[in-house]
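Per-chain numbering from 1; labels A, B and C assigned in written order.
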C-alpha cells in the first residue's frame, strides 16, 4: 500500500484547503485533499514522478461550486489517492493536466461536455462525447434548487480543515477535527 | 443562452458548419493542423474494423499514419445522467447495457459501490455466483475479441469459432441471469436467481471443452506465420505510455506490470481463490494477444475452483433493499477488473431518492486515448491492428 | 476471304461460349466459395434456395442485375462506367488461345503466352480507373495498392512461365500441352517444381485474392477500389475476378499440370478438373489465412519470388544448354 501520510504532508505543504483520510475498504480511497486550483498541476507532477497514474477524473456540482476529483493509482503498489478542486460557478476555469498526463485530455473534454468547465491549456478542448452542435445546458448541471451543499455529500471522510475560508464556505468549523 | 433557471454560456463559443465539402466540425478541426498535400481519411463511424461506431480521423502520409484522432460520441447514451434520475435499484439494468461484452463486471461495479456505501453484506453463495458469472463473461468477451481481432487482420474464420464457444457460455449464463446479452442479475446484497444443478454440470463440461479448443486455436491461429508477422513488434505500448494515459487491464499487463484489481483491491471471494496474473513477455500487439489468451485460462481455473468451493446457503441477504431503497449520504469508489481493465463506479449520494452523481470509469476510454500516440508513424494496416489489440467496446467508451 | 470469314465466325462463336463459361463459372464459384467457407467455418453455408442451396448464386445474380445503379456525387462519369467494362472484356480475349481439348481452341495462335501476358496487364487499368474515378479516398488507396501489387506480381509470373517455355521451346499453348504426357509424373510440375510454386503464389497475388487481397482489404479500406460500385458495376468486377481466377488456373493447368491430358481419356474435362482443383485451393487458403501487410506483400515479391524466379530461369537455361 502506498503511504497516504507522505502525500498528505505534501499536499499540506502545497497549501491544501483540507486534508481527508478515507477508509479504503469502504470509500475506495486512502486519502484525499481539496487543493487550490493553482497547486493542482504541481501536485500532479509530484504524483507522476512517484509513478502514479491518472485513472479517472470525475466532477459534480454542489451549492458551493463544482467539485472536480482526480483519482490516482500507483503503478508500484495498490493504494488510491485523490485530490479535488473546488471550482466556483462564476469562473469555471481549471488548469489542464495535459502536460503531465496526456490521458487527461479526454477526461477533461468529457467533463467540459458534461459540466461546462473550462480547462485552460487543454490543447483540443472540443466536444468529445456530446455533439458539436449540442444545444442546451451541459447535461449534468443541476437546477439550482436541486443542488446539495458540499458538507452533505460526505466527500471529506475524517478530515482536517486547513484553510478557514474554505471551512467557512462549506460550513465546517476550521478548528474542529472531525471523525465522521 | 438561458435554459430554464440556468444561466448557461457555451464555453466553446459558437461553431459553424462550413458546408458539406469541407467535412463536419471534427474533420474541419482536424484538418486545421494537417500538413498540406496529405490525405485525411475518415475511418468510421461506419467502417468494418472500428467495431461499432468509432470514428478515427487519420492524416495519411502515403500509407503511413502521420496523425490520428478518435472521434467519440456516436453511441453516447448519458448513462451518468440516467444514474441521477433513477433510483439505484432502477439503475442496475443500465449496467448491463454499458458494456455488452462484460455486463456482469459493470453490474458488480455499481452494486458493489452501493453495497460499500450502505455497508451491506453479501451471502457467500451469492459472492461465488458473482465470481463464476463474471469470469464466464470475461471468457466470452475475450473470445469475441479474439475472433474480431483476427478478422481485423483479414482472417474470417476464427470469429465463427469464437461465437460457437460464446454461445455455450451464453447458454450457461442464461440459467442464472435470464438473458444472453444485457445481463443484470446482481441485486444489492446478492444476486436475483440461484444456480441449479444443470448450471454446475454445464460449467464442469465447458471447462475441459474450452481447454481443448484453446489448444486447437494455438495451432490454428496463434502459431500462424502471417499472424505473427502482422503482430510482432507492432504498436509497442510501454509502462510509461500506460501511465500517462491511465491504461489498465491487459494492456498494462502486457507492458509487464502485474496489476489486477482482483488482487490489488480484493472484492468478492477473489482472495480465497488461487490464480496467477498473466503478464506479457513483450509489450507489442502480439503480447497483448497472448495476455488475453492466458487470461482465458486463468478464468477457467477460477471457475473450476469456484464451482468446487461454492457453499450452500442464501443467495441474497435478509431484508435486501427494495426498489425504493435510498442510498445513505456519502461517497464510494468501487473498482472491479473488467475484461478491458479497471472498471470503477463512483457514487456520491446526498441521502436522497436518487444518487447525487454516478460517475462510471470505462477502461476502454483511457485505453483508446493512447491510440493517437501509439499509431503515430505506423502503416494504416498496423494502425488497424493496434486499434484491434486495444479491445474496444464502443458503448462502454461512449457510455 | 473465305478463310478469314470462317475465322471471324469461329471467334464469334468462341466469344459467346467464353462469355457463357465466365458467367457459368461465376455462378459455380459463388456457390463453391460460400459452401466451402461454410464447411471451413463449421456452418452449413447456403441451404435454403433450391436443393442444398444450389440456386443461391442464381438468386444473387438476379438481385445484382435488378439493383439500382447508385452513383455517388462528383464521380468522373466516363471513367466510372468504363472501369467495370474494362475489367470484364480483356479477360474474354485471354481465353482465346487456351487449348481446352486436342481440337478445342478458340483461336489457335502461335504466341498464346504472349497474348495472355499482354492482356492480363489490362486488368489493372480497370482497377486504377475505378479507384480514381470513384471520388473516394478508400478507392484511391485501393487503386494505388492494386497497381503496385499487380504490376509486381506479373514479373515472377512471367519468369515462372518462361521457364516452361524454355523447356518446351514454344510459346504455343498447344505445343506446351503436347510436350507433357498424360500421367502426373510426365507433367511439367515434376520438372519445374520451383516455377510451379512461384506461379502458385503469384497467381494469388495477381488475382487479388486473400491473403493477398490488399486492394480490397475490407478491414482497412472498406472495399478498396470497388467501394462505390453497386448493382451490375459491382457484379462485373465480381465476374471478372472469378474469370481471372479461372484463367490463371487454366494457364497453370496447361503449363504445369498437363492441360487436357489425363490418364484415361484426353479431353476438356481434364483441364476443368485441374483448374477447379486449383480454384478450390485458392478458396481454401482464403478462408484460412489472415491477410499480409502491404509492405510484406511487396517484400515477398521483390525479395523472394523475383530472385527465385530468375534463379530458376537461369538454372533451366543452363541445364537445357548443357543437356541438349
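Note that in this section contacts are C-beta pairs under 8 Å (C-beta built on N, C-alpha and C of every residue); 3 or more make two chains touch, one makes a residue touch a chain.
Computed from a prediction, not measured in an experiment: that's the story for all the values here.
Every chain gets a centre from its CA atoms, and the centre nearest the mean of all protein CA atoms is that of B. The pair with more inter-chain C-beta contacts, choosing from B-C and A-B, is A-B. Chain C has its Cα centroid 64 Å from the Cα centroid of chain A. Averaging Cα coordinates per chain places chain B and chain C 44 Å apart.
Chain A and chain B have CA centres that are 25 Å apart.
Every residue of chain B that touches chain A in the complex is listed here, in rising order: 1, 3-6, 8-12, 15, 17, 24-26, 29, 69, 72-73, 76, 78, 80-81, 84, 113, 116-117, 119, 239, 242-248, 252, 257, 259, 264-265, 329-335, 342, 344, 346, 348-352, 356-357, 359, 361, 365-366, 369-370, 373, 398-399.
Residue ranges on chain C touching chain B, taken from their complex, read 37, 40-43, 137-138, 140-141, 210-211, 213, 217-220, 222, 287-296. Per the touch definition, chain B reaches chain C in the complex via residues 39, 41-42, 47-49, 60, 63, 150-157, 160-161, 164, 224, 226-227, 229-230, 379-382, 384.
Residues 24-29, 48, 51-56, 58-60, 69, 71, 73, 75, 78, 80, 82, 92, 101-103, 105-106, 110, 112, 114, 116-118, 124-133, 136-141, 143-145, 148, 152-155 of chain A touch chain B in their complex.
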